[in-house]
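First chain written, first letter: the chains are A, B and C, and each begins at residue 1.
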Amino acid sequence: MNILVCVKQVADTEARILLTSDKKSIEIENKYNMNFFDEFAVEEAIRTKGKVKDCQISVCTYGSNKATEVLRTAIAMGADKAYLLDNNGYDIEDPIITAKILASFAKTEGFDLIFCGRQAIDDENANIGAMMAEFLNIPHVSAILKFDVVDEKKARVESEIEGGKEIQEVQLPALFTTQKGINEPRVPLITGVMKAMKAQINIIDPATLKDLSKGMIDESASKISVLTYETPSARPTVKIIDGETPEQKVKALIDILKDEAKAL
Amino acid sequence: MDFKLTEEQEFFRKTIIDTIDKIVVPKSQEIDEKDEFPWETWKEFTSLGYLGLRYPEEIGGMNADKIMSMIFYEEIARGSVGFAQSVIMNILMGTYFIYRFGNDAIKERCLLPAMRGEKIATMCFTEDQSGSDLGATRTTAVKDGDGWRINGTKMWITNGPICNFCTVLATTDPSKGLKGLNFFLVEKGTPGFSSGQIIHKLGCRGTVTGELVFDDVWVPDENFLGDELGKGVYYVGDILDEVRLMTGAMALGIAKGAYKEALEFSKKRIAFGQPIGNYQLIREKIADIDTSMNAARLMINYGAWLLENGMDCRVTAAEAKMYATEVCLKVVDELTRIYGANAFAYEYIPQRYFRDARFLLYGGGTHEVLKDFIGRMIIGKI
Amino acid sequence: MSKEIFVFVECKDGSIRKVSYELLSKAKEISQKSSSIVYAVIIGSNQDVLANQLKDFADKVLIVDNEKLSKYRWDTFLSVMEQIIKKYKPYVMFGPSTTTGKDIFPRLAARLNGAIISDAVDVVFDENTLKIKKPLFGGKIISWMKCKDDSTFFVTFRPNSFIVENRSLNGELIKENIDVSEDSRIVSISTEKRETKKVDLQEADFIICGGRGMKGPEHFQDLEEIADIMGGRVGASRAVVDSKWRDYDDQVGKSGKTVSPKLYVGCGVSGALHHTMGMDTSKVIVAINKDPNALIFQYADYGIIDDVFNVLPALKEELKKIKKEI
């Protein structure tokens, strides 16, 4: 069984993020991590590998050279092969293009099972998984909480749906996006870390992939564009509610919430 | 000249930071408060294989270069210096002589389990009247049949009360001073070998430190760790630079944790209507901390580079240990000033850094001894 | 070029979700400026009653009624939406950034080779263009984006982004007869409803959130009672969820749910970044914490510096009184 895991390198939640003076682009402090939800995807792939015969895990990312770091992390955890779909340092805004590139790579290599994180924590789009599945014409299930391979052609999954959970059986190949709660991502063993340090990262120019050309994936192909960036307006300083006792403070708070904030 | 970490080293650094953040940092306050050996954290962390950091891959190690080792020492000390001490004892001093001189059976019995975290190692230098002054060592080893009979008491032994085996420094000929010193392996369960008083420390809590007593302990010849008698002091020299750099790296680790705390606090604490980070006196402190930490890190990396390339780094290692530790003391002090009175309260972190930092003054040589050494090395015989 | 604005109406437990009314209200406001009309698209089975409720909010209500649509599946819903969009060629389609919206809209956009902006919080019609406001990096940066004109355009918005306004439009009901195709590769085995009639966390107007300062799971009962009084929900910080005091469903923050209630009350919440990134778009934020330096006070509008366990009983009593007054 061939498993593909798509991961994204994202800015650490504590990284400083600044606007350029023309407000047309952003600068991110050099602190990056594997996307939070992608760790579950990698872990689930590794657990699946432990349960089925002849299984290989490939991990890929569309990003800059810097993103090889998250590929190595995936290898340290237990993935077998890593592919960087090199964006040459240019971040494309349009998720459709990213999904096309990833899908095209998946098509080229051929996979039975694809895992993605539920969403990236930088743009919070939750787009790529379902889009890739569409381009590959395979079924998808979003936000899965349990995963089992029934046989080589079928998986059984529990997923989050509005107001509850659903159990479904899905014919493979299929794509699944992982939700927090599905597993506890492992901390890599030192043997994994050493393997990852030496691992060869396959670097691929997306334009050379099946059914793709430069014109289909460059800026001109993007269907959306950023007009401007801005920093959120700062909240006014907190008003600390005074009072002798907790009861007094609460009374004062309620009054303010009613009269000033109109929140009650 | 190249100041950049290689891609591999950078990846290692990132991985070890994440690992420490996940496993050690959440436990650091608890480890300090309980002041008991954190067995659970020990099992969880050592199961990952880091105790083999310095040893060859063939025996399950990682064969890390010295730069990576320093990164490791720094990061684990950032997590919890009490925990770091126990871990590093197994990685470095506690197993160094076993790896270098132990026969296959000893390696199988002691080194490999210690690399897996199943056995706890230690090394015993210090006595009541001797620390940096090794020549004053009073513990004796006397030839007795096919082995040696050891008598004496060791103090301030990291992991001592819980160790499975120890490398003990003893004199085989008190008349020869430093040249009478030799190392012996003593394993738990050997008649006459016991642990005595446990020392309750101001900082570095969680690691168990105490006394080890050798009362007519007999060990076989194979437990003599060395090529020939009287070379012990030279072997100490072979590991001393790494120990000093390691201590400096640990100091940097504490400083790094304290610096992060100070920086965050200066951004969030509001005084007179604005974050205190807007005030010049706070900015000065941050600037000083950053400058001195960068200088200390450069010294440690330089020392590690010398060591890695087999060059003389005796002076550099001593300087780096001393400087990094002084920087650390300064940083934890500034943290308590930036943080205000809450730094004095047990429920906040700064007091722990403040206490922990003090211990690094002693390991790897007191600064008084180091300064004298550095001065002597530079001036030479006049 | 047509200028119709379509809104995908999401239903849950036999009623229309509030977010759908929010989107329709905003769509109508835009349509008045762009001289276009608003279509509500309701997909399901036997939802005549619901469709009638939409009349006040849309110029036209497209109803797709089919037994196969009684339960949401992306494959069936997608086949319907695809045909509707191909038939009407709207300028833009709005949808909710909910579990369902996040599941279907990306795939729909991909199928129709359209443009999509997800998880937006505002939209304005300006210079003949729809400008979409979308927070990035957990709200550290706001971006304004637009779609290139010739694409079918999809936008999903976070719940609670807009105010519901009933304009009594008395829109026209149109039944669409559309074949529903199902993807046989997916078979539903069972579904399990959470036993709760409570409002969805993301849609709640009132959220009272507990942090590590709540000391243990048993103390969340107080928060539950207050949430019940207010018809809101209890949220939890990551530390609380990681300690297994509360379910992940309750987690507010970067790795949990992004919420923007009218009133958020944080109890013993320190205000770590991953938490504040999920709630700092709340309209009014109140923080209760005994640590005056807690980061949460930087995000709060109002703060009480006191032991949360002393404050909660008083808060419960006062809120009870208020609810009686109303």
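Rule of thumb we're sticking to: a residue touches a chain if its C-beta (ideal position, glycine included) is under 8 Å from a C-beta of that chain, and two chains touch if they have at least 3 such contacts.
Just so it is clear, the structure is predicted and the values come from calculations on it, not from any experiment.
Visitor: Please work out which of B-C and A-C is bridged by more C-beta pairs in contact, and write that pair.
Guide: A-C
Visitor: Based on mean C-alpha positions, I'd like to know which chain lies farthest from chain C.
Guide: Centroid comparison gives B as the farthest chain from chain C.
Visitor: Measuring from CA centroids, which chain ends up nearest the centre of the complete protein set?
Guide: A
Visitor: Which integer distance in Å separates the CA centroid of chain A from that of chain B?
Guide: Whole-Å distance between the two chain centres: 39.
Visitor: Centre to centre, by mean C-alpha position, how many angstrom separate chain B and chain C?
Guide: 53
Visitor: What's the distance between the Cα centroids of chain A and chain C, rounded to whole Å?
Guide: 21
Visitor: Where in chain B do residues touch at least two different other chains?
Guide: Answer for chain B, listing residues that touch two or more other chains: there are none.
Visitor: Which chain C residues sit where two or more other chains touch them?
Guide: Touching at least two other chains: 298.
Visitor: Mind pulling up the chain C residues that touch chain A in the complex?
Guide: Where chain C meets chain A, its residues are 10, 12-13, 72, 74-75, 98-100, 102-104, 106-107, 109-111, 113-119, 131, 134-148, 151, 183-194, 200, 248, 251, 254-256, 258, 262-263, 273-274, 277, 280, 283-287, 292, 297-307, 310-311, 314-315, 318-319, 322.
Visitor: For the complex, give me every residue of chain B touching chain C.
Guide: It comes out as residues 265, 268-269, 342.
Visitor: Mind listing the chain A positions that touch chain B in their complex?
Guide: The touching residues are 33, 68-69, 72-73, 76, 187-191, 193-194, 196-198, 237.
Visitor: Which residues of chain B touch chain A in the complex?
Guide: Spelled out, the residues of chain B in touch with chain A are 7-8, 10-12, 14-15, 18-19, 22-23, 47-50, 52-53, 57, 62, 270, 273.
Visitor: Spell out the residues on chain C that touch chain B in their complex, using ranges where they run on.
Guide: 293, 295, 298
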